[in-house]
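Pasting in a structure now, in structure tokens, and then I'll have a few things to ask.
Lettered A, B, C, D, E and F in written order, each chain numbered from 1.
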Amino acid sequence: MYDPAQARIEAESVKAICEKYQQNEDPVFRARAIQIKEQRADLVKHHLWVLWTDYFKPPHFERYPHLHQLFNEATKLAGAAGAKQATDPAKAEELLDKIDEIAKVFWETKQA
Amino acid sequence: MYDPAQARIEAESVKAICEKYQQNEDPVFRARAIQIKEQRADLVKHHLWVLWTDYFKPPHFERYPHLHQLFNEATKLAGAAGAKQATDPAKAEELLDKIDEIAKVFWETKQA
Amino acid sequence: MYDPAQARIEAESVKAICEKYQQNEDPVFRARAIQIKEQRADLVKHHLWVLWTDYFKPPHFERYPHLHQLFNEATKLAGAAGAKQATDPAKAEELLDKIDEIAKVFWETKQA
Amino acid sequence: MYDPAQARIEAESVKAICEKYQQNEDPVFRARAIQIKEQRADLVKHHLWVLWTDYFKPPHFERYPHLHQLFNEATKLAGAAGAKQATDPAKAEELLDKIDEIAKVFWETKQA
Amino acid sequence: MYDPAQARIEAESVKAICEKYQQNEDPVFRARAIQIKEQRADLVKHHLWVLWTDYFKPPHFERYPHLHQLFNEATKLAGAAGAKQATDPAKAEELLDKIDEIAKVFWETKQA
Amino acid sequence: MYDPAQARIEAESVKAICEKYQQNEDPVFRARAIQIKEQRADLVKHHLWVLWTDYFKPPHFERYPHLHQLFNEATKLAGAAGAKQATDPAKAEELLDKIDEIAKVFWETKQA
């Protein structure tokens, strides 16, 4: 049920929207793109929050003491990437990297 | 903008629904109550997540090292209180207490 | 299925929001609170309307000739309590009292 | 802002759906039609409730003592016309007649 | 499952709204009517698009070479009828005629 | 305002979901993925329909006589890619290619 892939798919959307945004200067297209980007970034946040609250249990947080902070940084990055003025694909790339760090921990706990 | 009162209002709803649930044995009323309770518990979670990601900054987490865990416990309690089988007002009361612990930290950071 | 408790739960939310509103002067918090209050007051109205149309039958209205007016006053009070400028918990209290009058009739008809 | 025409437009939709339902025996089409019919009947109810609570004032109810009952009958008819098994256009026609009775009172109060 | 009647019901709503619009000069009523009209016109478009993409197959388009254009004209008319400034029932009537042309083709393909 | 990039972003999501689907055998994850995939494929359809009805005008269809069919094939592919049993990224790739054909025509008309 839980899988960081959900957050990743939405974060990839955020990045793709930033790229298309750079290629089209039409203000109506851009306004619409910004709006969808915010919704997708909110979905990233939501998937990460659900993972943090519903999948990870106290023993996980004991074994991975930096896990709380990792999630907090990831959701903050998602918020930043969803902001109106954030249209640089590099910002979305940072978010993708952070999600991958979480995914690494996630799959270790699954194999344990 | 941020205020733990938002989470508290919804948690009070969760508790009130548990109380009314105990007083009415009609299965249709109960099914409906369970449904609303789940929605309100989801709102509690959402308000707490937003507070944790958007209001609290790295220096806060340094000063209050247990804050991450406090939020994680609170959102887990909200999830538990929203579950189908959770109809005991005492469970909602626990959630309210945890929200009050967060509120205490919140108001300290506001005055700082 | 029908129970005035549904309207009561939402009306209690309206009252709780008025109380939190008085305690936090942040304009963004207040704007958000006003918005939620309106939604909850709309739910009060909705639950009362459903009760009036779907639960109560012609013989009930014959036995309780003031029942139509009671509902009309209650839904009007809910509308007033949901209005932007209504932030006095006393107003929400009036609404709660009116819902209790309806609940009294409701439970009499259930026992009949 | 208030106008019984809103309820009438939706009630006409309910009637049109009943007519198309009679002409197409495809079970998927019928299931979909039933669903839309219920939504439109709910809109009829909603528009009537709003009119009853928000437009009409105590002096109106004094001058038209049967007005409460008229609305109660109309919303009950809307509920009946929205029900799964109700596919007879004649039923929707009854609802339209009742809405017209309300509209007659409405326009008298507007001219007063 | 597919039936041009769905588009027709919504297009009849669009026409009915235009008629009521002409009869009530209240600006709030009109603003609300315009809003509902747009939603219903969007539903017309949607039902037509679904029919064009999901019901009609390549052999149909071969047999009826003007069918693509017929749908394109119909959805353009729906867009026009849903526009803010479009309040002439005659415009909605044109849309209804175009839907009837589609319905004629539709029923021929059903009997084939 | 119009740009095939909107359809492309959603189609890329569809493809990404197919890829993650192949990598996670958890039935709950897969069920959820299928659901999101259907929503994103519906958005592809919607963006293409809007482009076909609202952006392209009669002279465009005269100059590009295959344009109607191109859109019809693209929306049919989107429908296929959104279907429950469609989890092969290659299918989503076909959709992306078709969208690129439309994009080519689109940008030619923009430069004309």
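Operating definition for what follows: a residue touches a chain if its C-beta (ideal position, glycine included) is under 8 Å from a C-beta of that chain, and two chains touch if they have at least 3 such contacts.
Here is each chain with its UniProt name: A, B, C, D, E, F = Nickel-dependent superoxide dismutase.
Predicted model, so just to flag it, every value in this text is computed and none were measured.
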Inset, instruction - Figure out the least number of contact steps between chain C and chain E, where 1 means they touch directly. - result: 2
Inset, instruction - Tell me which chains count as touching both chain D and chain F. - result: E
Legend entry - Separation of chain F from chain B in steps, with touching chains one step apart: 2
Legend entry - chain D against chain C, contact positions shared by both copies (same if over half, else different): same
Legend entry - Listed pair (D-E, E-F or C-D) duplicating the A-F contact set, over half by residue number: D-E
Inset, instruction - Work out the mean Cα position per chain and let me know which chain is farthest from chain F. - result: C
Inset, instruction - Tell me which chain's centre, taken as the mean of its C-alpha atoms, is farthest from chain B. - result: E
Legend entry - Angle (degrees, nearest 5) of the CA superposition of chain A onto chain F: 180
Inset, instruction - Let me have the rounded angstrom distance from the C-alpha centre of chain B over to the C-alpha centre of chain D, please. - result: 41
Legend entry - Gap in Å, rounded to a whole number, between the CA centres of chain D and chain A: 47
Inset, instruction - Please report how many Å separate the Cα centroid of chain A from that of chain B, as a whole number. - result: 24
Inset, instruction - Would you give the residues of chain E that are in contact with at least 2 other chains, written as numbers and ranges? - result: none
Inset, instruction - Could you draw the chains as nodes, link the ones that touch, and say if you get a line, ring, star, complete or other? - result: ring
Legend entry - Ring topology as an ordered chain list, initiated at chain E and continued via chain F: E, F, A, B, C, D
Inset, instruction - Over in the complex, which chain B residues touch chain A? Could you list them? - result: 45, 49, 52-54, 56, 61, 68-69, 72, 75-76, 79
Legend entry - Touch list for chain F against partner chain A, complex: 1-3, 5-6, 8-9, 12-13, 16-17, 20, 23-24, 26, 28-29, 32-33, 36
